[in-house]
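Labels for the chains are A, B, C and D, by order of writing; each one numbers its residues from 1.
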Amino acid sequence: MPERATPVLALILTLLLAPLVPGVAARTRAVLTGRRGSPIWQLYADLWKLFRRGIVYARVTTIPFRLVPVVALAAIVAASLLVPLDGRTSVFAFPGDVVAFVYTLALARFVLVLGALDTGSSFEGMGASREVTFAALVEFALFLCFAALSVVTHQLSLSGMAGVTLADRWMTAAPALSLVAAGLFILLLAECSRSPVDDPTTHLELTMIHEVMILDHSGPDLGVILYASAVRLSVLAALLGRIAWPVAKLAPALRLAALVAALVLVGVLVGIVEASMARLKLAKVPLYIAGGAALSAFGLVLLLR
Amino acid sequence: MRPLIEPILLAVALTNFAVLGTSRMTACVRMLAMQGALLGVLSIAVERPLSVHSIALGAGTVAVKALGLPWFLRWAMREAAVRREVEPVIGYMASLLLGALVVGVSFAVASRLPGMVPGQGGSAPGGLLVPIALATLLSGLLVLITRSKAITQVVGYLMLENGIYLFGLTLVGRISFLVEIGVLLDVFVAVFIMGIVVFHINREFDSISAENLVELREA
Amino acid sequence: MLALLLLLLSAGGAALAFALTKPGPRLLVLGVVSVAHLSIVGVLWRGPSASALNGWLAVDSLGLVILTLVSVLFAAVVTYAVGFLREESPRGGRWFAGCLLGFLAATTLVCVSQHLALLWVGMETTTLTIAPLVYHRHDRRSLEAVWKYLMLSSLGIAFALLAVFLVATAQPVSSGSRPLMFHDLLTNARQLDRQWLRAAYVFALTGFGTKMGLAPLHSWKPDTYGEAPSLVSALMSGALTSCAFLGLARFTAIVFAAGLDDFARPLLIAFGLVSLVVATAFIIGQSDLKRLLAYSSVEHMGLLVLGLGIGGAGAFGSILHVLNNGVAKGMLFLTTGNMVLATGSSAAADLRGLLRARPVSAALLLVGLFAVTGSPPFGLFVSEFAIVSGAVREHHVWVAVALLTLLSVIFVGIGGMLLGVVFGARTAGVDENPERESAWLVAGPLALAAIVLVLGVYIPGPLRLTLADAARLLGGSAP
Amino acid sequence: MTLLWIGLGSLVLAAAVQLALRGGGRADRLFAILVLAGAALGIATAIGVLRDGTTLTATIPSMLPGGNWALGLDPLSAAFLIAILGVGALSATYGIGYMRYDEEIAPWPSHAFFALEVAALSLVVCARSVMPFMGAWELMAIGSLLLILTEYRHAEARRAGFIYIVATHVGTLALFALFATLARNTGDWTFGALAQGTREPSAARTAVLALALLGFGVKAGFVPLHFWLPPAHAAAPSHVSALMSGVVIKIGIYGLLRVVWLVGAPPPWWGWTVFAIGTFSAIFGVLWALAQHDVKRLLAYHSVENIGIILMGLGLGALASAYGHPALAAIGYGAAVLHTMNHALFKSLLFFCAGAVYREARTRDLELLGGLARRMPVIWLAFAIGAAAIVGLPPFNGFVSEWLVYRGLLQAGQSADTLRLAVLGTPALALVGGLALACFAKVAGVVFLGTSRSPRADQAREPSALLRLPAIVIASVCVAIGVAPPFVIGVMLRAGGFVESVAVDPGSAADVSRSAWQVAAFALVLLVAIGVAAFLMHRLRVRVSRRVSDTWGCGYAAATPRMQYTASSFAAPLLDVFGAASGVRTHRGPTVFHSEPFDLALDRAIAPAWASVRRVAMRLRRLQQGRLRTYLVYAVATLTVLLGYLVVRGGA
C-alpha cells in the first residue's frame, strides 16, 4: 500500500465508520445495563431514514438555520483533514494547524448555535447558551493538551504532535503524556456532549445541551447534523487513540487497523462511562471540565518544569 | 547730637508699649504720632555733620508720620464714629507681656547679627538702633494680628513700617534721598487708601470691626 | 532712554486721564498710550537701549520679557475695557482709566528699574493703583476684597522693603559697587555679607511671595480676583504677579551669584510644592469660576518658583512660563468676564451650557482649559515640560513625580468645571439664541489665545536668545 | 513624503470645507471626496514604504526646546498609517450618513473635527521628535474629546467625555515624565538622539519602560486602565466609536512598539508584564463584554479584549528579543501589528453595523431588539462576517492574526530558556476565543435572529447606502485577508522585524510566509468543502418534501416573543462560572431574570479613590475661613518658619 495514500484512506475510513462509534457506545451501555439495546448499525439506519423524510422549517428561521448542516459538515470534515488519522501524517498539515483544527470546529459550533437562536425558541436558546458555555471551557482545556504535546514533541502541527516523534517521547515522558491523554478523553466526552456532560438519549429537553439545539431540524438537515457530530466524535476518538498509543512506526496496513481499533475502543469507553455514571447537574459540568483541564495542566507543568 | 540717640530710641520703645497697652484708640493714635515725631528727630540725629538732606528727610518724616497720618486717622475715626475701645483679641496684660517678650527676642537676635560696618550710625551707640527697630517691627505685627478693628490694624501696619524705617536709618546716606522720599510717599498713600477703605467699611457695615468681613471664604 | 520714555508716557497718560472729564477722550488716551507703549517695547526688541538716570533705569533681558508681557496684556485689556465700559455703566470712568494707566506706569517702573529700592517703590505703587480698580463695583464684597488685599500685600511689601534694606546692609561700603544697583550687586556678589544676604532673601521671599500669591501667603488672591472686574483680575494675575516674580527673580539672581544656592533652592522648591498642593486642594470642588482661576494662578506661581529652585532647564522654563501663564491667565479672565457679563454671576452653576449663548467665549474657554493645564500644543506645555525635564536633569526626580501627580489632579478640577461651563446642561436666564458678542469683548482674548498657541509651536529667535540670557542670570540654561 | 503631506493637506481642506460651508449636501460630497482622496494618497505612500522597507524623513527647523522637528515614515508607522487612513476615511463617509438621522444637532462641526482628528492621528505616527509627537498626541486627544461630545446634550456623553479627557491627560503627563527622562542628558530631542543614552540597562531605562506602560497604556485601554473606554465608545456617534476603537486606542500600541524601537531589546520583566497584562485584558475584556446589554459598550469591552491579544503578541515579541530569539520576536511584533490592523477592520465594521441598528431601531439595548436579519439583510451579513472575524474563525482575517500569535506562543514553548513558559498563553487565548464566540453568538442571535422583542425593532429598515457601502468594503477586506493572508503577513513581519532591530534571518521569515500560504490553502479547502456540502445538501433537500410551520415548542403551544432567551439569560451560565470577577449584578426573580453590569475598575476602584481625595481636599478648605487676622497669622507664621530655617542653615 503506497505511503502517500494512507492518510486519504484513513480519512475515508473514518468518514465511513463515523456513525459506528455512537452505535458502539450505545450498545456497550445497553449491554452493561443488562439490556439488549439497539444494533451498533442503528445510526446508519436512522440516517438513511432521515435522508428520505420531509423537512419542516420553522417560520421565523432564516439563512443561518439552513446553513447549519452545510457548514457543520464542511467544517468538521475540513478539520479532520488536519488530523493524522493514519497515525503518522495527515492529509494536510502546516505549522500551527492545531489552531485551525480547533477554530474550524468552533466555526461549526458557531453556525449551530446561530441556527438554534434563529428559531427563537427558548429551549434552543437555552441549549445554545449551555453549548457555548461549556465549549469555551473545553477549548481552554484542549489547548492545555495541545500545548503539552507541542512542548514535548517540539512540533507546531497536529500531525507532528501525534506523529512519529510522539512515539519516542512516550519512552521519556510517559507520566505527563498519560495525564494528557486522560484529560483529552474527559474533554472528548464534553466536546461531543456525551454523558456525564450531556445525555443524548434523554427525553427531557430542559436537561439537554446538544440535542436541544437541533430540535427544529428535520429530515436530511437533521441527518447531516447527526452525521457531522458523529464524524467529530470519531475524529477526536482517532486523535485520542493516536496520542494514547502512537503507531507511527508500524506498517500502513497495521496503522489503518489501529485506527479502526481506536474508534471501536473509544466507543466502548464512552459506553462504559455512560453506563457507569449518571449525567452531572449542569452546575457541576464546569467542575468536570476543570478536572480534565487540571489533568492536562498537570501534564503540561511536568513537561515545562 | 549723638547723645540724643539712645534716649530717643528708648522713647520709641516706650511708645510701642504704650500702643500695646492702651485701651483707647485716640491714645493709640497719639502714641503713634509721637513715635513718628521721634523718628523724624532721629533721622536728623543719626547723621553728622548735619546735612540739608537729613534735615529734609527728618522734616518729611515728621510731616507724614507725626502730623499727616495721625490727623487723617483721627478724621477717619471721627467720621466713622468709632467706639473708643481698642477691643483686642487678647487682654492688654497679655499684649504687654508679649511686647516685653518681643523686645527680649529683638535684643537676642540683634546681638547675634554680624556687627554693622564701622562708621555707620547704627552700631555706634551700643547698637541700640537695630534691636529697637526689630522690637517696633514685631510689636507692629503683634498689633496687626491681635487687634480686631480695621483702624487698629492700620496702626499696627504703621508701627511695622516705623520699625523698618528705623532699620533704614542704619543706612542713611547709602540709600539715596530720592528713594527715601519715594518710600515715605508710598507709605503715606498706602495708609491714606487704607483710611478711605476703613471709612467705606464703616459706611457699609455700621462698625469697623474687621470681624464682619468674612463673607468671602471657601465653603 | 526708552525706558524713561515708557515711564513718562504711562505716568503722563495717567495724569491726563485723571485730568480729563469726558469719558470719550479718556478712552482715547488709554488706547493711544497702550499702542505707544506696545510700539516702544517693540523697538526695545530691536536692540539694547541706553540706560537712563545714570543706570537706574535700563531694560535687561529679564525685564524685557516681563515688560513685553505687561504691554501686550495691557493692550488686550484696553480693547476689552472699551466694550466693558459700554456694558457696565461707565461709573468712575476717571478713576478707572487713571488707575489703569497708573498701574501701567508702576509695572513699567518695576520692569525697567535696575535699583532694588526703586523696584520696591514700583511694586508698592502697583498695589496702590490696582486697589481702587478692585473696588470698582463699590459693594460690600468688593470692599472686603480690597481691604484684605490692601492689608496683606502691604504687609508683604513691608517685608520686601526690609529685604531691600538688608541687602544694602550686606553691601560693603568700601567696595566700588553702587548701593542696591542690580548689576553691581550681581558682579560683586561674592563680596556681600552672606549672613545679611540670607536674611534679606528670607524677607524678600515672604514679601514678593505675598505679592505673587504663593501659598500660604495667597489668601487674598481668590477674594480679590473673585470680586474685581474681570479685566482687573486679568491684569493682576497676568501682569502684577509677573512683576512680583521679577522682583523675586532679581533677589534670587543675586543670592545665586553670591553662591548661596544650597540655601535658596530648597526654599523655592518647598514654596513651589506647597503652593501646588494648596492650589490643588482648593481647585477640587471649587464652585466659582473666578476663584478657580485664582487658585490656578496660585498653582502657576508655584510652578514658577519651583522652576527657579530647580534651576538649569527649569529656570529657562519658568521664565518662559511667566510669559505663557500671563497670557493664558489674561485670556481666561477676559473670557470669564464675558461669561459674567452674560449671566451676572461667576458661579459655575449659573454659567453652565454657554456654548449656545456665547459660542466664541465658550470656545475660548475650552482653549483656555487646555492652555492653562499645560496641554500641547499650547505655550504652557513647552514651559511646563521644560520645568519637568529640568527637574529630571537636576536629579529632583521626586519633585517631578509630585509635580505631575498634582498637575493631573488639578486637571480633573479645572476640566470638571470648565467642561461643565461650556457643554453643561443649559441654565435658565441665559438667552438661548446666540447674540453677536461684541467685537471689543472677544478681540482681546482671541489675540491672547493666538499668542499662547503660537508660543507652543514657534518661538522667535530673539525671544529664544533673550530667554536664554535671562535664564543665565538665574543660573539656568536653555534645554 | 510629499504625497503624504498632500494627503493630510486634503484632510485639513475637507475640514475647512465643512467649516466654511457650514454643512449641507455639497459640503458633504466635497468632504467625502477630499477625505477619501487624501486617505488614498497617504495609503499609497505607506504601502510603498512597507513594500520597499525604506524610511522617509523630513525636518522642520524650530527654536523650541529640543531643537528641530523630525518627521518620518518607516515600516512601523506605515502599517499604522494604513489602518488610520483606511478606517478613518471610511468612518468619515459613514459618519455623513449616520449624522443625518439626527436633526437636533448640526453635523458639520463634528465632520470637521473628524477629518482633523484623522490628520492628527497620522501626524502622531509620523512624528520623530518629542515636540511634534506631543503636539499631535494632544491634538488627537482633544479631537476625540470633541468627537465624543458631539451629542453633548446628553449627560451620558458629557460624563464619558470628562472621564476620557481626564484619563488621557493623566497619560499625557506620564509621557511628560517619559520624554523628560529620555531627554535628561541631551538637548536634541529627536527620537534618534534620545535612543542613544537609553539602549543599555539603567534606572532611567527602567523608568522609561514603566512610564510607557502607563502613558500609552491609558490610551490603549488595557485592564485596569480601560475604564474610560466603554463609556466613551457608548456615548460617541458610531463612526467616532469606530475610529476610536479601531485606531485611536491602537496609537497606544504604536507608542509601546515605538518605545521598544527606541530603547532596544527590553528586559524580561517588561516582556512578562506586558504579556501578563495582555492575557488579563483579553480574558476580562471578553468576560465583561459578555455581561453587557448595550451593543456599543459590549463592543468597547471587546476592544479591551483584542488589545489584550495584541499585547500578548507584543509581549511575546519583547520576551523573544529579551531572551535573544530575533526571528520569534519578529513574529511576535508582527502578530501584534497584524492583529492591530485586523481589529481596526472588523471592529470598525461591527461599530458600523451597531450604529445602523441603533439609528434604525433607536435603541442600543439588546433586550429590546431581535429579528433584524430579515429587516436589514446587508447589515446582518456584514455583522456576521465581522463577528466571525473577531471571534477568530477561519476563513476570516481574525483567524490569521490569532493563528500567528498562537504559532509564536507554541514556538516559544519549544525554547530551552524561561521563554517557554509563554506557551501557557495558548490555553488563555483559547478561552478568550471561546468566550468571544459565546458573546457574539449572543449579540448576533439576540439582535438579528429570532423575533423582535419590542416595537422599536419592527420599525428598523435597511439603512442608506452611505451606511452600507463602508460596511461592505471593510467586510470584503476582512474576507480577502482571511483567504489570502500571505501578502499582509509578509509586510507585517517586515514591520515587526523593524521594531526588533536585530536583523531577522531570511530563513525563518520564509518559513513563516510559507506557512502563511498553507493557511491560505486551508481557507480555500474550507470554502471548497462548504461549497461541496452545500451542493450535496441541495441535492438531498430537493428530493424530499419541504413545508413551513411554527417553531417546535416542546409541546407548549402559545409561544410568544417574550419567551425567547434574553441576552442576560444567555450569558448567565458563563458569568456564573466566573462569579464575582464577571462584573455583573444579577437579579433572579420568579418571573424575571435581569443582570446589570458594572465596571470593576471605574465603579469599584477609581470612583471611590477620587471620592476620598475630594474629602481630604474639603478638609483642607477650612484653612480659608475669610478672617483677615487668620491670614495675617499665616503670613507671620510663614516668616517665622523661614527665619527658623535661616537660623538653622544660617550657620552653615
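In the analysis below, a residue touches a chain if its C-beta (ideal position, glycine included) is under 8 Å from a C-beta of that chain, and two chains touch if they have at least 3 such contacts.
Source: prediction; values computed, not measured.
Asks: Name, by label, each chain that touches both members of the pair chain B and chain C.
Replies: Looking at chain C and chain B together, the chains touching each of them are D.
Asks: Based on mean C-alpha positions, I'd like to know which chain lies farthest from chain D.
Replies: B
Asks: Using the touch rule stated at the top, which two chains are linked by the largest number of C-beta contacts?
Replies: Counting C-beta pairs in contact for each chain pair, the top pair is A-D.
Asks: Taking every chain's C-alpha mean, which one sits closest to the mean of all protein C-alpha atoms?
Replies: Here the chain at the core of the arrangement is D.
Asks: With chain centres defined as C-alpha means, what is the inter-centre distance between chain A and chain D in Å?
Replies: One centre to the other, that is 36 Å.
Asks: On a C-alpha centroid basis, what's the spacing between chain C and chain D, in Å?
Replies: Computed value for the inter-centroid distance: 43 Å.
Asks: How many angstrom lie between the CA centroids of chain A and chain C, rounded to a whole number?
Replies: So the centroids are 77 Å from each other.
Asks: Just curious, how far off is chain B from chain A if you go by their C-alpha centres, in Å?
Replies: About 100 Å separates the centre of chain A from that of chain B.
Asks: Hunt down the residues of chain D that sit against at least two other chains at once, touch-wise.
Replies: Within chain D, the residues that touch at least two other chains are 618, 621, 623-624, 626, 628, 632.
Asks: Note the residues in chain B that touch 2 or more other chains, in rising order.
Replies: In chain B, 144, 153, 210, 213, 215-216, 218 touch at least two other chains.
Asks: If we use the touch criterion from the header, which chain pairs count as touching?
Replies: According to the stated criterion, the contacting chain pairs are A-D, B-C, B-D, C-D.
Asks: Show me the residue ranges of chain C that touch chain B in the complex, using the header's touch definition.
Replies: 115, 117-118, 120-121, 124-125, 127-128, 131-132, 135, 140-141, 143-148, 150-151, 154-155, 158, 161-162, 165, 168-169, 171-173, 179-180, 193, 195-196, 222-223, 226-227, 282
Asks: Mind listing the chain B positions that touch chain C in their complex?
Replies: Where chain B meets chain C, its residues are 113-114, 116-117, 119-120, 137, 144, 150, 153, 157, 160-161, 164, 167-168, 170-171, 174-176, 179, 182-183, 186, 189-190, 193-194, 197, 200-201, 204-205, 210, 213, 215-216, 218.
Asks: Mind pulling up the chain D residues that touch chain B in the complex?
Replies: Residue list for chain D touching chain B: 618, 621-629, 632-633, 636.
Asks: Which of the residues in chain D end up touching chain A in this complex?
Replies: Residues in contact with chain A: 370-371, 373-374, 388, 391-394, 399, 402-404, 406-407, 410-411, 413-414, 420-421, 423-424, 426-431, 433-435, 437-438, 440-442, 444-446, 449-451, 511, 515, 518-519, 521-522, 525-526, 529-530, 532-534, 536-537, 540-541, 543-554, 559, 561, 563-565, 569-574, 576-577.
Asks: Within their complex, state which residues of chain C touch chain D.
Replies: It comes out as residues 147-148, 151-152, 155-156, 159, 195, 198-199, 202-203, 205-206, 209-210, 216-217, 219-220, 222-223, 262-263, 267, 278, 280-282, 284-285, 313, 316, 355, 370, 373, 375-377, 381-382, 384-386, 388-389, 391-393, 400-401, 404, 407-409, 411-412, 415-416, 419-420, 423-425, 456-461, 463-464, 478-479.
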